[in-house]
Structures are given as C-alpha cells and as structure tokens.
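Heads up, the next two complexes both have chain A, just with different partners, chain B and then chain C.
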Partner chain A sequence: MKKKMTPRQRTEAIWGLCLIAPTIIGLLILNYYPIFETVWQSLCKTGDFGKGNTFIGLTNFINLFQDKEVFSTLFNSFKYAVLSLPLTIFISLVLAVLMNRKMHGRTVYRTIYFLPMVCAPAAIAMVWKWMFNQDYGLLNHLIGTKISWVTDPTIALIAIVVVGVWSGIGNNMILFLGGLQDIPKDYYEAASVDGSTGIHTFFHITIPLLSPTIFFVVQTGVMGALNLFDLPYMIMDQSSRAWPSVKTITYLFYEYAFERSNRGYGAAIIMFLIAIISIITVILQKSEKKWVHYN
Partner chain B sequence: MKKKLAALLLAVLMVLTMTACGDSGNSGESAGGSGNASGTIRVALWDNNQLAGLKEIADAWTQQSGIQVEFTVMDWGSYWTMLEAGVSGGEMPDVFWMHSNNADKYMGAGVLLNLNDYIAADENTDLSNYFEGITALYSQNGNQYALPKDHDTIAIVYNKAIFDKYGVAYPTDDWTWEDFAAKAQEISEKGAADGIYGTYCNTGSNQDTWYNIIYSFGGKVISDDKKTSGFDDPNTLKAMKFVADEILPACPTPDSMASTGGDTMFLSGLIGMVSQGSWMVNGYYTADNASDYAWVMMPYEDVNGNGQCDKEERCTIYNGLGWSIYADTKNPDAAYSLISYLSSKEAQTKQSELGVTMAGYIGCSEPFAKAFGDMDVSAFVDIEEQGTLVFRPYSKSTAIWEDDASLALVQAWSAPETMEEVCKQIAADMNKTLSEE
Partner chain C sequence: MGWDAKKRLTSTVVHLFLILGSICMITPFAWMILTAFKTKSEAISVNPFYIFPASGWHFENFVEVWNSYNFVVLYKNTLIMIALRVLCACLTATLAGYAFGRLRFPFKNFFFAIILVQMMVPGQIYIIPQYLIVSRLHMMNTQFALLLPGAVTAFGTYLCKQGYQTLPASLEEAAELDGCNIGQRFLLIMLPLTRSSLVSLGIFTALFAYKDLMWPMIVCPQTNATTLTAALSRLQGQFVSNYPQIMAGAVMAVVPMLIIYLIFQKQFVEGIATTGGKL
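Now for the complex of A and B:
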C-alpha cells in the first residue's frame, strides 16, 4: 500500500531533493555518465575527438586476451600489490600500536609519520627520483655505492614499493589508531589479570578487535595498489631497461587511451582491470565472515 | 510563507546570476565574432618563451586592424588536453599552434579551417615562399590547414671549459661524424675520473641526434611515400651501428642516461658536447655558464669519400609549427588576416630578430643568428646553405611507431652488438603499424 504524503511531507521531500540535486547531478554527470561511456567505448573502434565511434562488438576484448603486454603489466601490478600491501599494513600497525600510549612527543611523531600524506604524490615522486639517481643521488652517496635503483630490472620494482609504502604508512597508521582507540580497556585489564604478556595480548586481543579496520585497509589497499600509476610514471624514464618490469596495467591503459589515441582499446583494458578488482573484492567480502570480528 | 518566498527568491536569484555569468561569456564571444573593429581574436600557444616576442608582433597587426589579440599560454600537456576538450565542447581559441605530432588527427577531424580560398584571395601569401616540408605537413588532400609559423634545425653545442680542461681542440664546421665520435671518446677517457663524458645520446634523442646521423649516412627512417619503414635500409643500419659502436662509448651508461636528462647533465658541466634543437637555445643562453657555451654546425658524413662535405652529406632534421584557425570560429576573416600577417615576410623577419624562433618563411632567419647577444647561433641558420634540411619523418601514426622504436632501442643501448637485429625488428613492427594506418 502506498502511503499518501501529507502536504508538509511532500514539501519537505521536494526541498530535500532540491538540496541534494547538485550532488546527484554532479554524480550523474561526472561519475555515472563516464562509466557507461567507457563501457560503450570498449565495444567501439573509437574516432578522434569522440566522433565517429563504430561498434565492433568484442573485438577489443579478443585482442586484449591475446596481448601478452596486458598480462605482463597486470602481473607487475599484482607484484606491486603483493609486495607493498603486507609491508604497509605491518609497519603502520606496529607504529600505530607504539603511538597509542602515553609518551613524550607523541603528537610530533604522529605528525612526522602523517606528513607524507599531506604532500602531493607528484612532488614525492620527484624527490625520490633524485634520491634514487644512480650517479648523483643521495642514497648512493650516503651508502657509497653505485646501485641502479630504478634502472636495474631486478630491483626497480622494489624501489617503487619503498616509495609506495613510505607514502602510505601515515594514512593507514591514522586509521589503525582510530581502530585501536575503539577497543575498550577492559579487555586488556582482564588479559593482564589472566597473566597475558605483551605479544600474546597483541595477537589475541588487539588483532581480532582491530580486524574491521584491517579489513578496510586491506580492501582499499588492494584497489589502490592495482590502480598504481603515478609513482612509476614520475620516477622512471621510459628509456630505462627496467621499465618493462615495472610498467603497470593502468599505465598501459593511459598509453593506449591518450598517447596512441586508441580510446576503445584503452577502455577495454580498464574494463578488464575493473572485472579483476571486482572478483578480488567479492572474494575478500566472502572471507570477511571468517576472520573479521565485529564486537 | 514569508520564509518560503524568500527562499524561492534566493533560488531564482541564484539561477539568474548563473545564467548571467553564462550570458556575459557568450556576449563576449559574439562581440569577438561579429567582425567589427572592436573584436578580439583569442590565440593559444604552449611556449611561454615566445609570448613576449609574439605579443609585440601581434600588436603591430592590432594597430592596422583595430582588433585585439588575446594570448593564452599553457604547458604542452594541458595545451593538447584543452584543444581536445575544446573540440568536443565547442569552446575553442580562434587561432592556435599546430604541431606535426597531431596535425593529421586535427585535419582529418575537420577541426581546422580550410585555408585554400583565403590563400587564393590573398595576394600577399604565396605558399612557395615557405619551407616545403612544413606546408606539406599541414595540408591534406590538397587542402591547406595552417600557415607556417617557424622552422627549427639542429646544431652542436659544446662546453669550452671542458675542451680546455682536457686539451681537446674545439669542434669546427669541418668535422665529420667520425671526428665528432673520436673527440667525444677522448673527452670520456680523459674525464673518466671526474665523471665527465664526451657526449650524450639516449634512445629518445631521435629528432635532435640519431635521426640526423641516419640521414647524413644516406639512410632514412620512413620511405618517401610513407608506406614502409627505413630502419632496415642498409645505410640506416650502418648509421645506427655507428651510433652503437662509436657514439655510445662516449656517452654516460644507458642506466645513467635513463636517470638524468642530457640538457641537465650538459648544463651541470658533465657533458662535453651534444646536439640540440634551436628551440632549446634560450635555455642555454640564460644558463649560469652561458659564456662557456658555443655552437657549431652538425658534422657531416663523407659518404662518397671525396674528402669534402657535399651538401647532402650534412643533414639536419627540421620541423615547423603552423598557425591554424578553428573551423567554427565566429570571425574567420579576422583570424585569417592575423595569421597571414604573422606568416608575412615582415613579421617572420621580426620573429627572428626578436630571437623568438627562426622563420617558416625561407630566407628570413638570418637575424636569428645574432639575436642572442654574445652567443653566436649562426650554426642553425648556416646549415640551410651548407647542408640539407630533412623534414622530421612522420606519417599518420608517428606517435605509435616513434614510441615503439625508442622502447625497442633500449635493448640495443644496453647491448650495442644487437643493434642491427633490433633495427630490423623495429622495421618489421613499424611496417605493420604503417599498414594499419
């Protein structure tokens, strides 16, 4: 049964709609329209300036599955995610636990660790690029070595991971701190009465009760890592022999869509990436029940 | 009730101000488009170094025509994004620069005004006065879409302080590429302890370095009909092997070059000499150690072995921008009048005098050589008489095959003995790209 609204409710509803209209319109134009446009473009051979798109069905996707570069770049993105995510989570969790107690200069430390979040990623990348520089960089100068940080295929990705982890720690640490402060003190008191020591308490009380935050960080972290674009693009030069071992799938998308003006194929690549991220998200959501505890 | 009314009034007011904003924008545009003497022509470009000079030249046109010129400068990346978005959204500058990387795309999409009728009716403009490669670049199916703005060439810049330090004789205009390589290697050997190298040539240094060597050796990058690759041409292979065997040993390691750019290293006093485009002159002229820098012509390659430089043995790649007009501009007559003035002999000469760039009009570039005070840059101009200008190789899909070639060469740079193999592979890939155009 449909309930009839009173005149007052009706006016309220209308005004409510009016007030959120800017946001709705913004979302529709800036988010939803581009999504459908991208889906459509992935099925087209695109013309210049968005004119003259011709429908070619799944051709872009058929080409995509035969394109070795799609898989090698996807593999690079995965490698980055697998290397950077555990490190980021581990370091920021440890830091958060250390910061979550009364100590001198606590706010100073928190600020220091959070500072990278405030800097523009491009600026961070430029500074690291110079620190990594083989001949004139700060790193080699300090250690007294001649390591090709970002031009040696075996270590270039690790160098990128270092920057990614460094700039991701601050944000995750704040999230973990928030989670830690939500854990009631009673649990710790009860544990210490029962004779539990620091490490034991950490694994049996802190980690389980922090699991919702960890889950959130893992989920957003996977998405962020698979979408990695700016760090390799800014830090490395394409004439580096390590480039093929670091090039990510989002860079491949950029290359086709913007440098080679093949929007259709670029759109297909990004649809493929979205599908993969969705699958991972579904798996994570399913696993949620097994290890995430909401008290 | 009163409150509601007030709210409604406010909302109406807001909408009104918004439309008012839109209106004022439109009316400004239509005033510009009405073709009367009070209008404005909007010009977009990407190089801030050229703005002051071009403004001065455009002022002269404003005095004749009474029409204002409004310049907008963006960096290279945002420039093309702005045009791309402008084409879809209809908000475009009236007059803007065109470049060889994108010309085909813009001409093919009907974004640029066809200038044929305007040129035919304009007794002051004769396309044969301009560099052929540039006029050809901006024409498609017999239609002309831009007037030449300038041309650029390549020359060698060297650091006298480094040559003095190691007791190596300065480069001269009589050098062959072998001389160049030998002296560069000598500097690298003597400067090894100081981290100083003879020269710099990276995989992406095509227009300013190895394209020039290919053409001096009699090779080519793409066939004249733009249907096949020249990377497997015997002379091209010879030139690229020369790069691998003689030039690269005098350069920093490939890893170093992938980390630090050539101009950065040169300006830091770490490179003895390097070939550079005329569009870079201002950066060298305003550098801290500018008094140490000097320019000579590109070396030649004695292909026929007669012991002297023949015209076709000394090559420089050249390229040129074009002045183009938006096809749907409100004021095509005034816009054409402006670009025809900017490309006229008078304005082109002034452009050289002011050191903005060399001219697209043949024979107007002489003043450029003297435009930089004590720094003599006549090497860029002299090569017009004493060498051969080769237009930068291009086809519809330049952006794809040029990028592919640079990426493929990374392997040859690390392992120079594989150069021939890599070049043949580049040729095969490039032929495939060309066949799909």
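Now for the complex of A and C:
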C-alpha cells in the first residue's frame, strides 16, 4: 500500500504530472483516439467527413481479402524492400568501412553522400524523373541506350529502387560510421596479433560487432519500404501502364481514403498493413537473438 | 613494395572509389541546376554537348515558376510550419522528458507506456482521424492543420528522457541544497545540459516536416496554403514536360535547406546519428 506522501514528494508529483500533461494529453487526442477511430471505421461504410458511418461488420475485410489490387500493391512494396534494402546496406557499409580511418576529405565525402537526406523526396523524384526520361534524359544519354525507365512495367520498379538506394545510403552510412567508431580498437589489435587480416577481420570482428546497427537499419528500412509513398507517386505517371507494377500499398490506402472518399475501406487497408508490419516485427525480433550481438 | 608505398596505394584506391561515388551523388543535383537554366529546346536537344546552357543562362524559368506559384507564400508557409513544429515538439518533449527522467510521480510507468506504445504503432493509422479532426474543426488549409500531427512527440520525449537520465544526480542534489525548487533546477541546471539532444530533436523534426508530402497534400490542398514539398506535386502537373521550369521549381524548393545543411552540417550529422534518422 502507498503511504501518505510527504509534502516534498507531493510537490515533486505535482510537478511531474504537470510537466508530462501537454505530451500525454496531446498523444491521447492525436494518436490514441485515432487508433480507436481507425479500427471503428474499418468496420463501417463511411460517409463524408466521418458522418453517417454505418456499421457493416467485417465486410471491408472480406472485400479486402478478395481484392487483387491489395495483394499486388503489397507485393510491390515487398519487392521494393527486398531489392533496395540489401543494396543500400551493402553500399553504405562499404562506404562506412572505407571512411572509418584518418584520411583527407572525410568531411567532404560525408557531406556529399548525405546531401539527398536534406532534400524533399518530392524534389528528388522530379529530378530523377527527368534523368530517367526516355528521349532526353541524362541516364540514357550517358549509357547510350533508349531504355524507357519509368514507362516499362518490367523495369519501373528498378528505377524507383535506384532512387531509393541513392537517397538512402548517406543516412545509413552515418549510422554505420557511428557503429564502427564504437568498436574498441583492442578487438582489431587482438585479431591482428592472432594473424587475422582484411576480409577475415571484417566478417569475424566488424560485422558481428556492428550487428546491432545493422539490425536497426534493417528494421527501419523494412518499415520505410512498406510506407513508401512519395517516390513512386512523384516519379510515375498514374496513367502510365507501368503504374500498377510500382503502386505501393500505402498509395492504395491514400487513394481509397482521400481520393475515392472510401475511408472505411482505406482504414481496413491500414489495419491489414499494420497486421503485416506487426508480423514482420515479431519475426525480426525473434531473429535478433540469433545474429545480433550486444556486448 | 614497402609498407609506406602500399599504404599510399590503398589510400589512392579508396579515394578513387569515394570520388566515383561522390560523382554519382552530385550528378543529379548538377543536372537539376543546369537544366533549370536552359531553354526548353536546349533541354530536349539530343546533342550531348549541350550539358551546359548553350545560349547563356536563362533566369526566365525561375521568374515564371516564381510568379505562377506564389513562392513567397510557399516559403513563408513552410518556414512557419517548421518553426511551430520544432518549437512545440522541443518544448513539450523536454518538459515531459525531464519529468520521466528525473522525477517521481504516481502512475509514472503507465504514462511512460503511453509514450512507448505510440512509438511502436505504425504512423498511418493516425492519418484519417487526424484529417477528420482538422476538417471537423473547419481548419483545412491553415497553419494549424500543418502543425497538428507534430504538436507533441513520443519519440522526442523518449530522446529527451535519455538525455536527462545520463546526467549525474549530484547536480540536482547540490542545487536543491542551495534552495532551488524543481522549476529552477530544471530551467537553470538540467535543461542547458541536454542542449545537444534538443538540437538533434529540432533538426529531426524540421527535416521530417519539410520532407513530408502526404499530410500537407491532404489538409492543405490550396496552393496558397500548402508547403513547398506539396506544391511541387502540383507544379509537376502544370508544367508537364517543360523540364527547365520543373527543375527551376525543384531548385527553389531544395536550395534553402541545402544551404542550412551546409552551414550546420556537423549538427545535422550528429542529429541523424542520435535519432537514427527514422524519417
């Protein structure tokens, strides 16, 4: 049982509660109430502006599981994740290892690789759309091809992946650099005394000790990929025949909730996506014990 | 080969590799800027020697885009949104972070669970109801609408709490003996010491607000009420295939942030390293 508080404890309690009040009240209104409303809406046929919701039970979900587009867009989001994540991680890891030494121009390189991080993805997308242009784009110009990067359904997703990787390596490189600098020098000294060199050291010392950072990058990367919206939206023409092959599930949600004003179905899509994300999170957490080493 | 020569060779190879990568990173930016100064016919000329604007540098593209999209208003909207979000987020987060990190109060664990759960739930679940809040309050196309989802931050509170927790208890005990109350201790002693996590949170919040596309598109569809990022999606629709003008718009949207970044790059990089850059 709690004893009566001393005046000093009471003052502290009042201060504490007052200081957290803005954040807690804000979160309750802006985040907790919305969770329940989204769940409720996913069970409703919604009218405009949230008025006139009629409860229809699981109808939205039954429709959703028969909706081919839900699965094709989810598949696109997955494909994007599977293609872009390993590439981003590999390139940024190599860059981080190369830059993890005393060298001239380190800051300059870091600044350059980080540039896309401070640009709006919408602007980046516009620039790349122009670079991808079939007739006049710089890319075809340089390689001397006539590839229709963003209008060919088979390679449009590759184009999006290229932009995603290009914009993401700076961020991950910084995270890896931070992780590399936390590895104590003694490990490397001990390894080199034991006669370990280059590649061997990299795989047996660097990678295991960097695994918490790699895990973090994988986790946020998967979430980021499943939330992908602005890059495909800005790079692709929504009327293009390649659009169905890059349309992401987050875009499908946006389309139903805000363009077709079918918020109930939009809410159901989000609930579905969140279920998928939860499953992936659980799998990742389970796998964490197997390959992530915390000292 | 001597040890020194070998080292020099490695260093040269590393530099070559990094320079090659740098070129890949810079090329799109260079191409964006160069295209923005061309005429339309120069931009679509197939002649590879037209990398630079051939008939002089054309500023008309900027003037035209600037005039048809009220860029003064767009800059103003974006700046106010970023300022309000950074101010609100840093203020509420540092207050709550101090309480969670240093004070004892009833139901502390329960309240902290509210913070943690919000961080774990994927963000899209909030969007429809948040939009409905804005529209029911008749606040569409306002600064209020742009600020709303970023007014408080669970992640920022967590970050600030970590900052306060690492400070030694003796600091506060000494101040308490000197007769400081909790408010004074917080403001005069603890808050200044967590400046670096606040700067990180500020940069993170500013970048997130600046880059977000979906929210401003939903709640501020009017061109004179929206942000730079959301205006770009309109601009692309209007100047279809007039690439110099589209690029001029893109340049105007990214340059201010690029300049801020180049000045404060140390803080930006530290900010990403501490927040994980979960944009």
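By our rule, the second predicted complex is superposed on the first by the 293 of 295 C-alpha atoms of A that agree within 3 Å, B and C clash if a C-alpha of one lies under 4 Å from a C-alpha of the other, contacts with A are read in each partner's own complex, and residues count from 1 in each chain.
By our rule, contacts are C-beta pairs under 8 Å (C-beta built on N, C-alpha and C of every residue); 3 or more make two chains touch, one makes a residue touch a chain.
Please read these numbers as outputs of a predicted model, since none were measured by experiment.
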Which partner reaches more residues of chain A (counting touched residues only), chain B or chain C: C
Which superposed partner A:120 touches (first chain B, second chain C, both, neither): second
Contacts of A:110 with chain B and chain C, given as first, second, both or neither: second
First, second, both or neither for A:178, with chain B first and chain C second: second
Which superposed partner A:207 touches (first chain B, second chain C, both, neither): neither
First, second, both or neither for A:136, with chain B first and chain C second: both
Contacts of A:230 with chain B and chain C, given as first, second, both or neither: second
Which of chain B and chain C A:216 touches, first, second, both or neither: second
Contacts of A:261 with chain B and chain C, given as first, second, both or neither: first
Shared chain A contacts, counted only where both chain B and chain C touch the same residue: 49-50, 129, 133, 135-136
Touching residues on chain A, where the partner in the complex is chain C: 9, 11-17, 19-20, 22-24, 26-35, 37-38, 41, 49-50, 95, 98-99, 103-105, 107, 109-124, 126-131, 133, 135-136, 138, 141, 166, 170-171, 174-175, 177-178, 216, 220, 223-224, 227, 229-230, 233-234, 250, 253-254, 257-258, 263, 266-267, 270-271, 273-274, 277
Residue numbers on chain B that touch chain A, as the complex places them: 11, 84, 87-88, 105-106, 108-109, 111, 195, 202-204, 252, 254-260, 399-400, 403, 406-407, 410-411, 413-414
Of all residues in chain C, those that touch chain A in their complex: 11, 14-15, 17-18, 21-22, 24-29, 31-32, 35, 43-46, 48, 91-93, 95-96, 98-100, 103-106, 108, 111, 114-115, 118, 121-133, 135-136, 148-149, 151-154, 157, 181-183, 186, 207, 210-211, 213-214, 218, 228-230, 232-233, 236, 243, 246-247, 249-250, 253-254, 257-258, 260-262, 265, 268-269, 272-273, 276-279
Complex contacts: residues of chain A adjacent to chain B: 18, 47-51, 129, 132-137, 148, 150-152, 236-241, 243, 259-261
